[in-house]
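Next come two complexes built around chain A: one with chain B, the other with chain C.
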Partner chain A sequence: MNHERAQEINGTGPAPPTPAFAAQISHGDVRELRGPLLVAGGIDGVGWDEFATIDMDGGEQRHGLVLEVDRDLATLQVLETTDGMSLEGIRIRFEGRPLHVEVGTEWLGRVCNGRGEPLDGGPPVTGSATLPVSGWPLNPVYREPPQEPVLTGISVIDGLTTLVRGQKLPIFSVPGLPHLTLATQIAAQAASSGRSFRVVFAAMGLTHADIAYVRDRLESRSAGGELVLLLNAADDPVIERILTPRIALTIAEHLAYTEEYDVLVIMSDMTSYAEAVREVSAARREIPARRAYPGYLYSDLATLYERCGRVKGHDGSVTIIPVLTMPGGDITHPVPDLTGYITEGQIVLSPEIAARGIYPPVDVLSSLSRLMRNGAGKDRTREDHLDVAAQVLAAMARARQATELAELIGEAALSETDRSYIKYQTLVENGVFNQGRDEIRSIEDTLGRAWTALAALPEQELNMVSTAFLENYLPQRNHRS
Partner chain B sequence: MTGLAPESDAALQPVRMALRAAAEKQAAELQDEARRNANALVEAARAEAAAILSAAAQEGESAARSEAALSLARARREAHELVLAQRNSLRMELHRRVREAAAGLKSDPRYAKLMARLTEQCRELLGRDAVVSESPEGGVVAEAGSRRLDLSLHVLAGITVESAPGARALWTR
Partner chain C sequence: MDPVAPRRDGTVVHVSGPLVEIEGVGGLSMLELIAVGPRRISAETVAVSGTRATLQAYEYTGGLKVGDVAVPTGGELSGLLGPGLLGHVFDGLMRPLSSAPMWLTPERSGSGEDPTSLAREWTFKPEKVAGTFVNSGDVLGTVPDSGSVEHRVLVPAGVAGELDWLATEGPVHLFDTVAVIAGHDVALAERCPVRRPRPFRSRHTGTVPLHTGQRVLDLMFPVARGAAAAVPGGFGTGKTMMLQQIAKWSDADIIVYVGCGERGNEMADVLEGLSQLEDGRTGGKLIDRTVIIANTSNMPMMAREASIFTGITVAEYYRDMGYDVVVIADSTSRWAEALREFANRNGDLPAEEGYPANLASELASFYERAGRVTTLGGKTASVTVIGAVSPPGGDMTEPVTTDSQRFVRSLWVLDRDLAYSRHYPAVSWTGSFARDAEALGIWHTANGDPGWATRRARAAALLAESDRLAELAEIIGTSSLPGHERMILLGGRLLRDGVLMQNALSVNDGFCSAEKGAALLDLALDVVDACQGLVERGVAATTIEQADLGRVLRAREETGPSDAAAVKARNAEMLKALVGLQ
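What follows is the complex of A and B.
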């Protein structure tokens, strides 16, 4: 080592790396500490969004982002807050660029915090390339429409709201429902047929108990080198939460477009993320918009959600499932509302269905996958899939009417057909939608169960499926006719 | 109370017989029904017991399976964390050795030349009027107003290890 180093300084070796030296320049002129903000003076050549390392007297290091530059003053958001800092004894080193992460397959199997630093006791994750976490805007003409299904092994999702490679499909839930269990089950089970599949799970603002559950549940996928886990706990720095989904997506984009994997990014909980955005916005004294969220919440969410997709000339894809909790079940709350504008459908969980003991408690009549047609049907899942899904949903709508009617006039007064719809609803909820928390069902199994439930209806009611499919798939058809 | 006429006894005999037969029949029917009910109850109880037993066995099996999966997952995680911790200690060791080796440069005959070049770098980055002094650990520290550039040998060692392209292969292989 001595020898090599000696050669370098001999005058004949390469010149020392000046940019790396420039990033070592530290600034000690700290003018103000205010909540999570630090104002530094005498600054020159520092840009917005630049990442900085803050060295404290005792050797502790913190990190910051430049929020604002005004002449020679720079305002930094300290990720770990300014608690315990004093104006003296702080030195700030600006990195000369926004936060970058090293990306590569070494992330697979690792567990890191919301800033990408290891929590598993291992060395820092290194990679083959270094990319800015904010990502590059993708030329729209390079995009390819989402195609082919991502099968989750969960009947109600695969059957009725099929997830498609490259799609963004949020889960809308309310606090107290098993949305995290569902998201974790999807992360544990999801696969795309015949392709190598990887999952990036970005946890934001989760409790430690929830984090322990997620880690245990996804352990086998993690041990198999198919999972990247980024964990921002509820008591972690709030600003870190703003970086977590961006780091997750940067890693995912590299895995998808360079390593050619199909990548599923699960982001839970986006409401916690939006609250972090609101907190930063308030600290920056920006003008608040709806419910004190900043006016740019829509474009901020879009910069995350729109990083999914498929790109021409690359095999991989990035599929995103954001999980949102709607405070008070309010679907008009800014976070679900703005998310709904950007995403391609939604999976809505309902407390009423959860109260009936059905897991996952998906309200199928409010749920929709707008791109399902690109991922289901012949050569993708099964020829009868789209027809069966349409029939199951239509019958559920009719069953809901029949149930409401029965509440008014009593079930005995209903027609034979209406009674069959009520029977069908019980069958479909218990036989198709209700599923074990670690149960994987194939698409054949799911569709078979759907046909069994549909068989409870009179055959003339099955008017959304072709006669050929009835012939092939309807159980006991000969016996019935 | 007056008894019946003696001849009525014979006349009532068929009625008595009929009543008795009806009562016996009814008793037999009741007995049969009771037996049937008892049998059915016993059957139902047996079936329920069997169902409870099989449900309990199933529940126990699935609980045991998830418990086993959980402990397997935890054991696997612990093993993986051991490997990672080992890698990290290798990395720390590399850092330590490089820092030691860098400190040794102070006694290298070309140290003066290195100092001159580092000083030049400092002036280039902080301006001509920067005050450059030798760091106690070797290397230089330059100051210009509130700005400071620390190019001590251990800092340079750190930069070199982090930027060395082949270094991470030492602990990720």
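What follows is the complex of A and C.
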């Protein structure tokens, strides 16, 4: 299907950027430069959303997207910013179509910048087909409800917020927490059972230290040809960030629906992305909505997140983990809020839990995977999984109450049951949730650890687990005091 | 059209996303649909000034150039309505998605009618005879559709007279003429403009409940047939789950589910869920009484704006056949965002939070199309509208939420605290309202349940009192409260956990009949009364609190969805057991 589509587009669109491209008319009439925007005059036959190459005096090339055409004027958004540009000495070549990228398995193992240009010293990436980076909406009738787990080897995620093939599950964090470490660990360890798994990692606005960490940590997956890295650094052009996730998703869709891989796309940090969108919007003097983000931010984010999925007639899938930092830890900030409306659950990291030395510092009571009930349990992970997860969470909620009560009246004054909950909390946090940064745990191991922690509670408290599971899985059932 | 301005094609002079300006046109009317560019994408006229016009394009305008042609079509945005809608999925412009390709590329735009639908053959059964006199809304004949719903072919509005000719029983296609009335051809299918309400004879004043199968709604915040309800709720409050439950279990004849700017996976879920579930009343599949309009969040934004009106027009189409229809729109906030997006690009002055000043009137024009009416054909039928609202940041004071509240009869506010404590459906009893509750109480009295209004009032009072005492207890401790107040706290818990909570995934509890709901509420209230009686007799509050009331809480799960008798039996047992407490 995807091949057909690629050919169709190649057939109808103009020739791909080859030497023939140089014959295109180039425009030199630049009327205005403002922020990331460039207004060109004397334009004829340029379409909205076209991609353009800008040649500057001295041979430097920049790139732009057409945001508006008005009679003989075209407004372009310059990806590399307009710094150093002047009204003279600029030639603009319009490509006659929106930005396309070459896609194919050639991307695997490569490290590129946010525009897809190699950073690894290799040749430019070529591919078997050319596709528009904005993609096309997937017909909802073709979607298949996601229902197989993607195991990350991280207990708190696999156990309580199971990621499902074709799901979009964001990580909400605050600056200073190890969300990038967690995302990288997921990228390094994630696998779907019995299927070949590929990861596309799109970094937006990360510091060079973070980028070095990501490259180093994912070295072996990259060397094994299972990873595509697209890296936009914090000091790279801001507007380029608008393209980075789109290129990543276009590559991922091809790998999923043509090459039939299970693909995980990690996009970090979406807050940087949204800021780039806001910058363009402000430069265009658009009427701002919440916190000066444009009113279309929801739809814009949706065009990224909705590219995940399972599709009828295809074995491959696209699973998306966006990572975002909540400014001021505010979950009602537009970026996490709108993300939460689109995604299927969220994994929330908490500074309080991080302060107790627990990694990953997931706040399990605020975290949720909406698709977990389809992707975990019998025939998916293990029969007792959903019961155990429900019990662990219910007990965590009760333990939290007991801890608050203990702060008021002292632990000694608590009932025996409440004290067992406090003991349970320590056990579950240290034995199940806390994990090494490169430690992989099987689902058996994770559930076993959860049972060990639950064993600290009186048996009549375990009312969310069926009796049969208690018989089979509860450790030392007959030897407990 | 206007004889002064001859009709002419225009040319594109300005493109900015969905905003397209054209020049050189003539004879254009507001809302007229224009085919723009070589791909003939649909755009609607929103402003005309001399020979210039501003258009709102419904599809992706990538590649559209200055100088491209713009051809007025003479018609307004409309959907092709006929048999074959039920059980199928359409986009916001009423084009079938069931037969569309996997990727919705711009190549499919402007292609006109869907060939698969046109090729399909239907069996027409006449119900009138040629030579008789027919009026608008009369049934000319019927066509069997996918499920048990009978598709009725009506005399169109504005047409009446002698039936010159009527097709005999046999195969017809959508565009075939099935009748000629006073020289006017009537085809099997019709193109219906979506922004104009379909005409009816009169509105009904009587109030009849829509049974949703969700206890918190049916018992506490009911909605009448033909009324409008809004469901505001932040993300994670179970909005979509509740709307899907209503789509599955409400006792309407037809459901129109509009997925407006929401998740693609959810549409897949609705489709699959309804395809598997049986319709308890007809024995068919639930999907066969459902039309799905899917304009997911990644599909073109302006078609999202149209999808709401498309959905309600489909509903009115079935209403005119005499059916009770429920339109579920998830979510009206995404629709309002599309309005805002276009208004901003058009340079309109923003009102609150950047929304256009006509937001309230646009919302009203949607909700006011709800109604229980006498159709042109003299049948009583209704369109009930249920709109989800997704307030940013859970802020209930934002414009879409506050404006929606003004135009609906029932408001079901979803509460984040309830949802986080896994209390589903998370309908808040403090913020929600049902303005038809009194009238519906009268209906219940006349229809075999005279206790309905009293029961509801008692439950509301108990919940409010229990909430107040719970706050007090947090400060001074439960044990410092007097016995009868502790029983109110206990009663609040029985109501919340045993009656209002409902497990959507449970076979027994997912749907609840009116009788079972009433029996469950009676059970909780009777047990509270009995407990109060015990306290008065001197039984210690602690003793009662520690008594096993699990049978009250589990009654909803342990009895069949319509098994009121079992709940009543349990009520008698519980009261007997409580009497024995010392």
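The rule is short, and it goes like this: the second predicted complex is superposed on the first by the 457 of 481 C-alpha atoms of A that agree within 3 Å, B and C clash if a C-alpha of one lies under 4 Å from a C-alpha of the other, contacts with A are read in each partner's own complex, and residues count from 1 in each chain.
In this text, contacts are C-beta pairs under 8 Å (C-beta built on N, C-alpha and C of every residue); 3 or more make two chains touch, one makes a residue touch a chain.
Predicted model only: the values in this text are computed from it and were never measured.
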Inset, instruction - Mind working out whether A:E352 is in touch with chain B, chain C, both or neither, as first, second, both or neither? - result: neither
Inset, instruction - Go through the superposed model and pick first if A:G121 touches only chain B, second if only chain C, both, or neither. - result: first
Inset, instruction - Kindly classify A:G47 by the partners it touches after superposition: chain B alone (first), chain C alone (second), both, or neither? - result: second
Legend entry - chain B versus chain C as contact partner of A:E416, first or second or both or neither: neither
Inset, instruction - Would you sort A:G109 into first (chain B), second (chain C), both or neither based on which partner it touches? - result: first
Inset, instruction - May I ask you to decide whether A:S220 touches chain B, chain C, both, or neither, giving the answer as first, second, both or neither? - result: first
Inset, instruction - In the overlay, answer first, second, both or neither for which of chain B and chain C A:S299 touches. - result: second
Legend entry - Greater residue coverage of chain A in the superposed arrangement, chain B or chain C: C
Legend entry - Residues of chain A that lie at the interface with chain B and also at the interface with chain C: 1-2, 5, 9
Legend entry - Residues of chain A that touch chain C when the two form their complex: 1-2, 5, 8-9, 43-50, 67-72, 97-98, 134, 136-146, 166-167, 286-290, 295-296, 298-299, 302-303, 306-307, 309, 311, 332-334, 337-338, 340-342, 344-346, 365-366, 368, 371, 373, 397
Legend entry - Complex contact set, residues of chain A against chain B: 1-2, 5-6, 9-11, 16-18, 20-22, 24-29, 41-42, 91, 106, 109, 118, 120-123, 126, 215-216, 219-220, 222-223, 438
Inset, instruction - Sort out for me which residues of chain C touch chain A in the complex. - result: 13-17, 61-67, 89, 97-98, 100-105, 107, 235-236, 259, 261, 263-265, 267-269, 271-272, 294, 296-301, 334, 337, 340-341, 344-345, 350, 353-354, 390, 392-395, 420-421, 505
Legend entry - Partner chain A, residues of chain B touching it in the complex: 66, 69-70, 73-74, 76-77, 80-81, 83-85, 87-88, 90-91, 97-98, 101-102, 104-105, 108, 110, 113-114, 117-118, 121, 124-126, 145-151, 155-156, 159-160, 163, 168, 171-172
